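Mind looking over this structure? Questions follow.
Should a chain be cited, it is by its letter among A, B, C, D and E, assigned in written order, with residues numbered from 1 in that chain.
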């Protein structure tokens, strides 16, 4: 589905990704973990076109999408829940969802998807008319996820979906992730700080450290890796 | 050939550039007319247009540049009194004579600068002339006075008000407006107060809009103004409303003077635009300056005169062949005696209503 | 990256080139202003006498200062070039062409204005489109007292004394003292405590009383002094110039606070438009309050201080008496500008300067760090205003013949803003350069285009003389497109802008632009974008 | 130390915080938890003066804070961090901290103009304090770095440092561990302890990371729909059925939270 | 002066103010559109609308000899002005604003000022080449204060207006109708269509809008197109109403219109209209204060004449903003374009 080949990304002169290569096979959940500033967010941004890789290739279904604008990439069936949620603060919850479904022109489909979103997060249904900017942090997170699901993406990029959510909701989110993958065979690239949960749902995993790949392999193996346990799972 | 330069100082860029350019163009025609005569004496007469952007500070800076260019012997300018006053003061120490084609504010010559002259009538000559016409010819009992809040318009309107009050004519309102587009509130007041005449101290491009809107409301009240009205554009802007308009000016009506017709033709030919009021004044002022320089040359034995000599020649000289007749200046640079014409616009056509003789307050 | 070669170039010692350049441009400048020498130079003289060439020479000459500042040279060379250019060469050339003084003083005035506005806009992030109002306050302050206008005013009050002037004075003084005292009391009592509705209302009432009291007192004083009108026919003695120099700073600062108090609670463009409005209010008042300002007719001639020894010096150096005032003002402006730069630098690198930048970056966070928004903004406003005030006074003295409201139009405010942005917001050398560039363009280079082409056969409609705005506009747009951070950018801003900007800039919009200030404020934590936010962070006193 | 009584706030018809009481004794670490949208952040916003409460009182060491502006609250001794990071983006790390120092500096405008002794002392003090605090939180290496260029987790820590720079009596931390991995959270935990132990600053914490909350807090208050539904010691809260139902979910039932290093799921 | 003359006077002052207000309102809409998306005071908008006015002038001039129906001419003029002004606005955005997307907010403000200066002179050159400066609208027949042929129902409408003392002309009515129509269309477009939603999303967060599949550059172009087209419409209406325009006429009304947009709550569409109407009425009321003063005998009022019109409006702005810091209808959490 998605493949990165030796991707190098810069912020000005900050070298954020120093040659990343990874594969996200169709229909799989792939976890991407790493410490602060490792470049996880940058990887997702590079994939979705928010920032252009200086060199290397980003292949989506075999086509190099590096350099395309995000809107062009999104039209190819991808969705991205960005870091920091990025809710439209002055649009209502409902409008945020409608914008999420911007590329769908069939109104009926949009209405159905919105209903599905409300079913997943009843709190959003309660707050349909509230402005996105006044939602609490967790509510915004729910909205961001629901918004990304509006287009029923083939490939979903999730940047720390559990951030700011209550423990109960973290479980809900992971359930949703598994369910999407199972029922709609959505391919998911998951960035998480909550590494143990991420590794539990993912099949493959990559570990990033300061812009470089440190480890890759089956998630279960990585979860057992001594150094990973120490560095990311907080175990001494 | 020795270069002799005449400068113009007027707004060439920005919102008032249209008026300022007219002045420069008019002066250019005057210079063109005399070029050959100067060439015969071995001089190359040129005109340089300086820009004051209608801003006093820019005008002062330009004036100092003029002062520094020793080949410039005299200046035609400016459009705005607010610019003329500091500029002439800046030019005075180097005795660059200045002849104003437009500044009517009393203050311009009241300072008694040796270099500052003007060919237009002072506010306190033009104002009373307008007021007199309102009283005697229009027989108005109630007059509504408007001004454009500039040194020109307000200065003129003040004098009109003074003259009318002195003659016990009722001034129902005296007010200023900087508005250029919408006059609905003023017109509503005119509808309410029903004056017999409206005096508008301002320039034709603002007054024209006002008159148009006034007539649109079905009001035929006569509107009187000063030489700022003197432009064919006034009738164009006022459109169907170009009726019952009167204005005082020192420039003779175009068809009264053959010279005026020639001037208009030359202007159109040179600048691809019809000649307008400030063009004629610019031409006259330019002519005064050029004739003054010529006189100074003659007095100096056909040699290049000094600025002081030019200054003197202009102040003391007599100039003729102008669109506004002939000119001599009094001790402070005001036109000694001038015939003032009161023009009437009726159905878009300009014709002479009457003439008034005015003389400068001092001699 | 283009930075590398520049750096390499700058690493070389440029002392010699600088000195050479300075010497050459100085020489050319002096020659190009000297009519007699030019006449003797024949073709070269004609070339140098061309207005456009002169304008370019002047610009190149002034650029020496920029090079002295920028180039890596021996420190003494910088000082030498700076001092020689400003103290020797420019006055020398100005002796032959007074307009150089005029231009230099105008550059100084605008540089001070730009520095003041830079504090307001560049540091504190408050967009002020009515800045010229403070300039007008300073100008009219001296324009009224330093001219015969004061006599007119006194005469008027002499004739309209009012029934009991002594009574007015007493009431005025009493009101002033009582209200001022009660204001102090309310402030003292409420210190550190939440202002209650009652206390803020009473404070408001008291401040109204104070204004009324001061007005009455002022009026009474005017009436009392009416008899002096005769003696003041040409204004106060020139010796008062120095006192008023101080007063103009003060008056403009007070004005800044008075205008700032109601409007500084507004944000962003609301503030911009309200200041624009107030700027217009001041101009229209100047145009309408004929008694005080003589309205559109302009004030009577305005005095300048006379410094006998300086005049004597100027005389000995061959300046003509009409140049003395400009000679004096030129050096005065130099001194004031140096002081203003010093003040700027010191404030910028201090607690208050940091607080301004913090407010610009994030008001909510700044307030949470204990920075009182209102007070800090007011200080910025007042400081900026005071620079404009003192320069307004210099402007009045420079114009000498009269000042009219035409000098204080909205376009002036916009012009000063463009100097700040063009030069580099927040950067002291930047805004000075911006002021110099814009002033030179407006007073020297662009007009010279028209003057130089006066005798060419260019059709009227496309004559450069008439296209100054167009050329200026093009320069503005092009400069901003190529150097959005300004000509001499502030370090902080340059850093921000250049991140993410290079050969492979992000496909759409760079990320950090959106995680930057604006989006930040909008995407604030839940609730912080709410309406309450507006009410609270405004800091109700 | 902090005494909150009957604090209430509504937004339109929504009762965001409903008559909440909270007592924070001196030198304790106290947590406020609750489901998303429970009103925790709103509660903080009222304490720090960003919102005006509809009702209730807030007293810091006996002094009423309701009605004060945010800067006055900070001056009174309460500092905070934000749920969404709000650092000063055009400033370096050091400058961010010096801004934090603002309310404790005394040099006036005039001092700055004339560079008096007080000014120099002040500046030196601020600089030293900045460095000391930075070292204290472990970000010393970033002193001259632009704050925005720091990794997310370090920016969070920097916000804490900036709050500490105001020498508060009490800090309010809004989800300080969000975006940190468990390892980093451990470091944060140690830091919060040191803030209390070494600096003697009282800490109130909002957090969804139960490992952090349960091991760190001496007292926990649980909000749901703006109302306090439980309070007490960590183990009481962990086992409170209402809290489990509303907030903790299945993981809590398994009793995984609170055990150092406990895995959530296999 | 008694009530029977004063009442129609005041009615006319207010009605005149409202008509004026509609002119401001529709100009303000153009500002507000662009402001809403880029948070940019588009100083060039005043020239965009002057361009519209000039296009309208040219259309009327060219069509003057044609026997075509006057209303048809007006429609042609409006459409031509919309196209030219809209296109011009898009072009301006492309050249002067788009390259500065990531620059600090004030930088595009300066280029906007630069573009405004450029356009002023360009327009002057274009008309100047034909020997014109002040352009006087010559309206086709039928726009006078005679409403229509006698006997018809619209003539009756005109008669009724005159009977109750309201002094309106056909062009005033047209102006109001077109302005209201634009308002309705714009409001629908922005608040109830997919395009409008996308524009608003771009306004708030361009990057994230991109993530939703929205091409932000296209949306911004669309916004400038709409804003420019509105400018074109307002230009023609402006020319019709006031009779003359020149290359520099845009500045003053532009400033007032932007003030109106701010007064109403910048970014809010109904706010812009409300602000425009309010300013129009206030200006006119202040313009007649001296008459009211002299009638009521309050000397201080009598001193307030038309020269205070503009600043009166600003003072009202100050007062309103002090109590409502985000304008009349601009709540920070309500609709923004």
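Here, a residue touches a chain if its C-beta (ideal position, glycine included) is under 8 Å from a C-beta of that chain, and two chains touch if they have at least 3 such contacts.
Since we're looking at a predicted model, the values are computed, not measured.
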Distance-maximising chain from chain A - centres being C-alpha averages: B
Centre-most chain [mean C-alpha coordinates]: C
Chain separated most widely from chain E, comparing mean CA positions: D
More contacts between chains, A-E or C-E: C-E
Separation of chain C from chain D, taking each centre as the mean of its C-alpha atoms, in whole Å: 43
Inter-chain centre distance, chain D versus chain E - centres from mean C-alpha coordinates, in Å: 50
Where chain A and chain D are represented by their mean Cα positions, the distance between them in whole Å: 28
Set of chain D residues in contact with two or more other chains: 11, 41, 83-84, 149
Touching two or more other chains - residues of chain E: 121, 124, 128, 204-205, 207-208, 210, 216, 307, 310, 332-333
Chain A residues counted as touching two or more neighbouring chains: 11, 14, 49-50, 69-71, 84, 86, 89-90, 131, 133-137, 139
For the chain E and chain C complex, residues of the former touching the latter: 35, 39, 41, 95-96, 99-111, 113-122, 124-125, 128-129, 204-208, 210, 216-217, 255, 258-259, 262, 266, 307-308, 310-311, 313-315, 317-318, 321-322, 325-327, 331-333
Touching residues on chain C, where the partner in the complex is chain B: 33, 35, 51, 96-99, 101-103, 106, 284, 287-288, 295-298, 301, 320-323, 395, 398-404, 406-407, 442-443, 447, 450-451, 454-455, 459-460, 465-469
Touching residues on chain A, where the partner in the complex is chain E: 48-50, 69-72, 74-75, 79-80, 82, 86, 88-91, 95, 98-100, 102-103, 105, 131, 133-134, 147, 151
Contacting residues of chain B [partner chain E, same complex]: 13-15, 17-18, 146, 149, 173-182, 184-189, 191-193, 205, 208-209, 212-213, 216-218, 233, 236-237, 239, 272-274
Residue ranges of chain E touching chain B (in the complex, touch as defined): 1, 5-6, 9, 12-13, 16-17, 19-20, 23, 121, 124, 128, 131, 133-134, 136, 138, 144-145, 167, 169, 238, 241-244, 246, 248-249, 251-253, 283-288, 290-291, 305-307, 309-310
